[in-house]
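Below is one structure, written out as structure tokens, with a few remarks after it.
As written, the chain order gives the labels A, B and C, with residue 1 at the start of each chain.
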């Protein structure tokens, strides 16, 4: 048993390292002088250490502005998705209404269409909106958020999650006279917190790392998000790897922290509490 | 469901209006007296090393009625953003575009006629007097100017002078010289049969193949411009020569997978001892390989029958739908004055394009990085014999077909004749359709 | 907080037979109508936004797929010509083949790895949070950075070859050889993506009725039996989700290819969306849109098939 356990840990350690090597490389490159990035013999350990990459990220760009924009966009997208995706998912999973599967099928189509072909019509729509709504459309944070405000990915994820909840629980609550919204809030959501946490993590990730749409929509610092702003560090023809990787590290850290916090709070909290209670 | 249908209809209606508005491209700020005023939106892809941005304050001082709205973009994604915005009537007034992107844009009517806007003059003198003939050709589409060249790209040979001297090898002047020089210079230190020190960097792309093709007296398309001509004898022997360079053991195949098209990783660890590339590599070397200062030198690219190179660079363009072309052209002219052009070299490490700028003493100083050599005149000479890529709408497809042919020969999958014939067939299909 | 609200819920014991998924018949009409109304209400915000930002634009791109259009001059109707062109273009067919290989390879390995690691990481282990974090790090990093790193790892002098040389296995230029490039791209994608699946399965594992697992353990059922008879059925909706979303994502692979290989060498990694983006960049919006809708048709059929399979009993 102990041998098996040791083997298990060994496997976990080895795979974890394999998962982390590229991140270490990113970190180490970000700490090199630009001229040392490809210098032989310092693949993982930079020598001398240099903070030039980070200095560039913080001084060449209005970093706090980009960071705040990214935070606003991400928080808005996550909040909207958690509310609307969950609500719609509940309806698709547990409520019966005419056309339910047809509508759901149509929604799935939006996942299947490569976004590149919709860019031009969507962009034109945003130009048109901006013509009479100065706070919306191109070059606004709202314009970045809008197309991601509701994501079929999230609805699908939550629908499948709700589908695993036994109908008998819901029926029991209905018999007690609970309305559907109360039911969703008081009965379904609490036992679905791991699902909500997953939805939060993935929506946050995609919003935080999204590049193409924010790039098209933003044209000034007022609406540039972090990934779009960081791309400006590269030059024509050449890439400054130290700067780019410093940017990548700075972008990844908030997401890694968010994951660590969320998985503690939801996944483990629930595993320890709710289900065992019964 | 009815709701959905209604919304859908509304969207269709809205979209059509937008599409129409985008197509009309009316100029809202026409200038009755011709004096530039109002706002100019500039899109610049140079990134952190921009030569445009520092010039703008001076421009605004000189033109107090004009406000410049400067927008930084990155080179990699500029094309996508430019295409989407211009087609939606929300493009800039002035933009920097890579000359290799121009064929697509020019052929699709994305760029305004600069001959008309400028009246043929740049800063008071005819445009035709201020550029080399090759540059003028590259700026012209359908008998009018579509771009004003801002920096140029034409190829010369970079070599590790210290190694060449040490081995007593003469600077290669012909294809045969380059073959023997690369063979003598390259070393195979780990004995795997492939050189891993001081090799010639063989870039398997259309740019480098085209250079050999031009030097052999060939051309990419025939005179009429609607038939491929690169599978001529000149083209086949150019590709055979590339293969020979690789097989002789003096060259290193530097494909996409190397991770950095400049070759900097290979330059740093000395796998690369010679390469053929444009003036921007001077800046790359100085930034990225400080420790090799004094080791490098530049010479005209070796050739077979006649000197030749692809000609590219950056063009300043005024896209269709620009709201303020007059002020945009005023800014373009300002940026093309010798003083501002010098920034292309000092800020971006690239080569300015106007003849006057290239005459400046600042660009003709001995360069300590290149051991006191004057590298600029060499690139200038390269430009004078360089040829731009053909201005056909389907150029990206033809480019891909040629790149594939080059790679299939270098990877030993096909003979030069077969590969080029096949590429020519693809190209003809694209040109016909 | 989670504990407090959750413990209010009295989960009744779950006989497996009750989980049939169909609501009991014979409820009063009034209640049914109310249920339908609430259902519509909950779905409405989603319908409005997707109509505005997806279906609206799709009307245009669908129309363009039947036209010759460069984004500037008025579209010219060409009927089904664009679709015919695509099916006659050898490069498009190569792209289809490559995409299919990519989808098959990544979808047969990725989800299995994800489920395996989720099961592993769901066990009470010391430092579990740390391991979970490690598996999740690649997911947090943007695809472009990941692909760039892999390119560096896989090239001639890269870490992969250096490790192989320690075991005296001859190195290989993975991304330059047309016969290995696509698999190298697959490997990078699996590496980046399976953390995503791990997290989803981890969350889903929390819904597996723990009392059933414990009861089965008391009855002496082994790990495999418990997985097969209790965990797996509870995971089925999630497995369906992962496979449908995974197949859609695999068929749309672009970023990795764009960064790692640019579709080469010799078109061995040109995928359908890479092909589409090239058409888009050439301002050939007709063919770009037609490519997209051919892909949509294929994906719609694939997803419908998956859904049907997912609904039927194993």
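We adopt the following convention: a contact is a pair of C-beta atoms (placed from the backbone, for glycine too) under 8 Å apart; a residue touches a chain by one contact, two chains touch by 3 or more.
Note that this is a predicted model, so its numbers are computed, not measured.
J.: Between chain pairs A-C and B-C, which one is joined by a greater number of C-beta pairs in contact?
T.: When the contacts at A-C and B-C are counted, A-C has more.
J.: From subunit C, which chain is the farthest off, judged by mean CA positions?
T.: For subunit C, the chain whose C-alpha mean is farthest off is B.
J.: Taking each chain's centre as the mean position of its Cα atoms, how many Å separate subunit A from subunit B?
T.: 37
J.: Quick one: report the Å distance separating subunit A from subunit C, using the average Cα coordinate of each chain.
T.: 15
J.: Between subunit B and subunit C, what is the gap in Å from one C-alpha centre to the other?
T.: Inter-chain centre distance comes to 38 Å.
J.: Where does subunit A touch two or more other chains at once, residue-wise?
T.: Residues 120-121, 125 of subunit A each touch two or more of the other chains.
J.: Quick check on subunit C: which residues sit in contact with 2+ other chains?
T.: In subunit C, residues 47, 52, 55-57, 59-60, 71, 152, 280 touch at least two other chains, as defined above.
J.: On subunit B, where are the residues touching two or more other chains?
T.: 11, 14-15, 19, 80, 87, 265, 269
J.: Quick one: in the complex, what on subunit C touches subunit B?
T.: On the subunit C side, the touching residues are 44, 47-48, 51-52, 55-57, 59-60, 70-74, 85, 148, 151-152, 154-157, 170, 173-178, 181, 260-262, 264-267, 278, 280-283.
J.: State the interface residues of subunit B toward subunit A in the complex, per the touch definition above.
T.: Interface residues on subunit B, with respect to subunit A: 1, 11, 14-15, 17-19, 21-22, 45-49, 71-77, 80-81, 84-85, 87-90, 260, 262, 264-265, 267-269, 280, 283-284, 287-291, 314, 348, 350.
J.: For the complex, which residues does subunit A have touching subunit B?
T.: 34-35, 37-40, 56, 60, 99, 119-121, 123-125, 127-128, 138, 212, 215-216, 219-220, 231-240, 243
J.: Per the contact definition, I'd like the list of subunit B residues that touch subunit C in the complex.
T.: 3-4, 7-8, 11-12, 14-15, 19, 23, 79-80, 83, 86-87, 104-105, 108-110, 192, 253, 255-259, 265, 269, 271, 320, 393-394, 396-397, 400, 403-404, 407-408, 411, 413, 433
J.: Any idea which subunit A residues touch subunit C in the complex?
T.: 8-9, 11-12, 15-23, 25-26, 43, 84-85, 87-88, 90-92, 95-98, 100, 103, 105-114, 116-118, 120-122, 125, 146-147, 149-150, 152-153, 155-157, 160-161, 163-169, 171-172, 180-181, 186-187, 190-191, 193-195, 197-198, 201-202, 205, 209, 211, 227, 245, 248, 251-252, 255-256, 259-260, 263-278
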